[in-house]
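Here chain A shows up in two complexes: once beside chain B, once beside chain C.
Take a look at the complex of A and B:
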């Protein structure tokens, strides 16, 4: 019998990282098609719809970018946190809270809005602040008391979602329209992010997101803070011995990632919905976990993985329309993709030898 | 309804309702505890519960057998546990990430199955649920009898499981090995204990219990109205292991606090109150955060918790 031995490599080569990344990218759409085939739907029709919903048409391409934009900011934040082994799972709650603060700010100026160049930057600052504040609580609980951040960030997300449900039916509800729809008043045009590609809904949000990724790349790889985050992620006890404050790293990584998630929520509400809806909590914060992994927890990798996933989301909704399949199929595909990525990632870290 | 007069009968109804709401989390917490004592934190518990729930509901609805439903729930839990063990123990992937993967897989799988199986039937699907089995004589005791000795079989099983877990973890050779593997795997390995084997058994056993918890959640709810039926109960169960400082009885009874919190929400939903309904829905989650802060000092986790075991020490 042939036996295999798995041994860990000391150095993970760039080549093997590249190979597993490409593998993950190929595997993801294949999973979607395989799930469809297993559900008894034609993968060919699905492939066609997937093509038209992504790069096949201008509308599909634009929608891919629109979907990928907030996802990029959320995943970027998670990538930074995960680099430091800070397991923030609450990007969903953080982006919701960012959007809630944005809504609060905009509602103060609903009747007499200031010019766009004042409204938009301040609104975006509020979204950053909202996400940072909301992540600050689990950050302190982790750094001061050592409480597992996975549990606290998830609990915080449930709180944020219920707060959202209450606000859109209570204090923030649009009372001017008859009936009681759970939504805030529509924001004034002075708060809408400018559109950069005519006749589409692609806004300046994509520029903000990409610039944030480059900025994060700089912070993570060229500054002392970034170095400490990576050092703590690589080996916490060694980092501590060399004089890095693990507490400070936990706080800054978590709050930075929360701020970026909040910004993602802000970019979404100011660029896409222009009002606060219960659908602000669409599960994008969970998708971002997969996207950050697919981007190899690298700020520049996240640019590609979030646009790729934006395409997958846009493409899947086109598939859902074409084949009349439920939305949960995308959820299932996501679940399978994340497990496969976890397994594929290991391949780069270990050598499998015949013994 | 501002003034409630609680007589013996309503107190025992109240306790019985709290037990029924707590048992799913209690099973999951015991399962998580076994896994964590062996050094593996399984954050996939929520996903495992979801799959256990949908499996049990499927059997109960179409084949009218609640017990087989629980069995299928347990089996699907075991399968997901096997996957968790493979990724986190054999492949040595980070335990947190492995658990998240299992969570997302369970979430996707249960959501998909829910829609695929039940989309044609209607918005609310009802099942009868498990019958009450009063224990003779004991169930006649005032208050306690009706609340503790007049339950369904899975509720009794929860208490039996607690006793078994206390005994196995604390008093058997297997339990000793389990704790050794969680505290100092390389020492256990030197003494000839297979770290991999013990951890596999612990993770699979733990996930099986979570599957049973999910199954009971579905069966005791009588109606399946939502895709995401667990709504964080799996994560609360993980928090309860911390709350219980890795002791079975403390983790087990800790979940009763949350059963009471869920009951409070359900109660005010029916009665109506001056507090917005959505705030009541927040109670279990806020309570978890508060409880975690309260017990944070002095809790000591198994030393090797979260660390994949490498014989070479790499």
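Take a look at the complex of A and C:
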């Protein structure tokens, strides 16, 4: 009898990681189709809907990109922080605060807006600033006082979300419409991100996001700042012994991470909603944790994982409509896919051998 | 295998035809046979990279062999994990300890064991049993202390206690004495003999010939992954073993040029430092090191050497006193500003403090000047911009050839290097800036003969160049060979300063153990 045993690989080549990751992304949605088939739904209809909701139609493709855009920026920020072993869980709060600062800025010019090429860059700067400031508080708490950043970033998220809920019902509320809807005035068109694919909602936001990923790649692997973040992440003791200020690196990683999350919030409000809504806090900051891990904490990997996830959101809502399945089932399917990919990535570190 | 099923009339271990290949074509073990009798101390001798540790890691279930069979007490076994090996009665103490530093000694010892109180831990009874075991085998350690508070020598005792606590009948010790002071080695060997009397079979992985002669019953020599021979220790001598072990010519230590007394580079005055537990580790230490001089610091591990070194390089804030490097006060300054004064540091723990395992060779070499020209591009010669990849690569290539680092290339991960090659990498980085002061701690710990000689001659070279060297070492022979002066530390004080030509191992031994002091108490 032939026997097999599982042993861990000593080294996994970059190429095999890539191949396995790509395979995981293709195989795991198929498993979901099998689940749907088991639930008595036609997997062929589901597959067709999934195709149309992602790459099969312009609308599906556009929706995938729209969903993936802010996610990309948030996940990218988290990937940088996690490289330095700074466990920022508060991308949600940071993107909300970024959007709040953007709204504040836009409201100053509501009646007499400046031209778009002035408004948009400044608004985006405010979003970066908002995220950075909001991440700066837990950063300083960690580096100065040694307070665990997992806790502080989560708590700060509550602060941001409650601030958002108050602002849209208070100072920022649109008083011009009758009734009291929790929303800010609609932004002037001079603040809307230009659309790059006609008849869709795909804006320059996607270009900003992808460029940010390449920039982050350069920062992480080609600059002294990125070097020190990776050094501290891998071995803080050796980094400290070599004269690297671990505190400063922790601060930089967290603030950079927050700035990117803030930018994500800004791109979302300027590109999608054009007004501040309570739904700005959609939980995307938590999804980003998973997406950054799916991208192997690599800036270029994050491009793929976030677009994949955007496609998943868009594709599954298309499946939802086609099969008349409840939203929970589609969310469940998303969960299955993520878990499968993560499992496959872990399994890639092992090999099966004949005994 | 339950304890009562062990056949103690058979050899404790029989390994036959063990072969292990690593990715990249390295054959770590090539058809190796190994036999351990019950109740013997068996030396496993070989240079670094000879395959000793790999062979024992296979026995301990950490690696799976590509070929060969293993019998333990006459039962065929395949250990898929250390847990299996422990069940078979095999315990192993690694060269790099596997301890959780934020847990106490007792918690570490019982880690992974079922508690007699079910889901509740039973630290009290564990502590009691550890104390008993510790006393019985002369391995004193406080069961309530946390691991990070302990010196290396004490951590090793915890590792050995861990195996004993699990009723190991076969004990694999990987370079156990490399962390011990000479006086501790003697006691340690005494406990090994005691363990042998109580029926425990011991594999002693080492490359120290005198240890083999001193304590083992039989010895197996490995060279480049192959077994050379197994011999009763009584039938061999050091020359014979050395011959079996190495087949290359060892460069002699470079000549120590005579140097006239020159200016003081390091001046430490009344230095007082506390350890991690807040206990006074250094009490009013004063010393000086001059240009072109090696000051050796002798002492049993845990007598303040670590705290002294950490204070010198800026990793620990002194409570009081002064440290001056080239007349600049550095007490309490950051590591960075001390490095900038020309102070190099070769820490005791190469893998933890001196290198980053997941970084490549070239990345490890720039750890101290990654944000400086020429490694980093500069805007207006002040603001760092992009890393200069070409410069980084060529530096690595130069270091690999100049320091004879054996690696597959500049982008080999540091974790793939053997101990000797990693130390060459660290030295390459530290020496490259022509430092005025080099602080060195246990530079040859765990290295093979060739690497040891290399490191020693490099230190002499630096001294001859005019660097001041402070060498903390527990290897007395090495201290005596290298040092111009030797200061002996005991309980946080310097109890003796020996002048050139007046070293005697015996006197140092007396000073180290507190049996004698030459300097009056401060």
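As a working rule, the second predicted complex is superposed on the first by the 285 of 355 C-alpha atoms of A that agree within 3 Å, B and C clash if a C-alpha of one lies under 4 Å from a C-alpha of the other, contacts with A are read in each partner's own complex, and residues count from 1 in each chain.
One rule holds in what follows: contacts are C-beta pairs under 8 Å (C-beta built on N, C-alpha and C of every residue); 3 or more make two chains touch, one makes a residue touch a chain.
Since the model is a prediction, treat every value here as computed from it, not as a measurement.
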item: Chain B versus chain C as contact partner of A:234, first or second or both or neither; value: second
item: Contacts of A:132 with chain B and chain C, given as first, second, both or neither; value: neither
item: Broader residue contact with chain A after superposition on the shared chain, chain B or chain C; value: B
item: Which superposed partner A:261 touches (first chain B, second chain C, both, neither); value: neither
item: Contacts of A:151 with chain B and chain C, given as first, second, both or neither; value: first
item: Chain B versus chain C as contact partner of A:74, first or second or both or neither; value: neither
item: First (chain B), second (chain C), both or neither touched by A:269; value: neither
item: Contacts of A:331 with chain B and chain C, given as first, second, both or neither; value: first
item: Contacts on chain A seen with chain B and repeated with chain C across the two complexes; value: 7, 10
item: Parts of chain C lying in touch with chain A, wherever the complex brings them together; value: 22-24, 64, 80, 313, 315, 334-336, 338-339, 345, 347, 352-359, 363, 366-368, 370-371, 376, 384-387, 389
item: Contact footprint of chain A on chain B as seen in their complex; value: 43, 47, 83, 87, 90-93, 96-102, 104-109, 111-112, 114-116, 119, 227, 231-232, 235-236, 238-239, 242, 276-279, 281-282, 285-286, 288-289, 292-293, 296-297, 310, 312, 314
item: Interfacial residue positions of chain A with respect to chain C in the complex; value: 5, 7, 9-11, 218, 222-225, 227-228, 230-231, 234-235, 237-245
item: Residues of chain A touching chain B in the complex; value: 6-8, 10, 39, 87, 89, 137, 141, 145-148, 150-152, 154-156, 158-159, 162-163, 165-166, 169-170, 286, 289-290, 293, 326, 328-329, 331-336, 338-339, 342-343, 345-346, 350
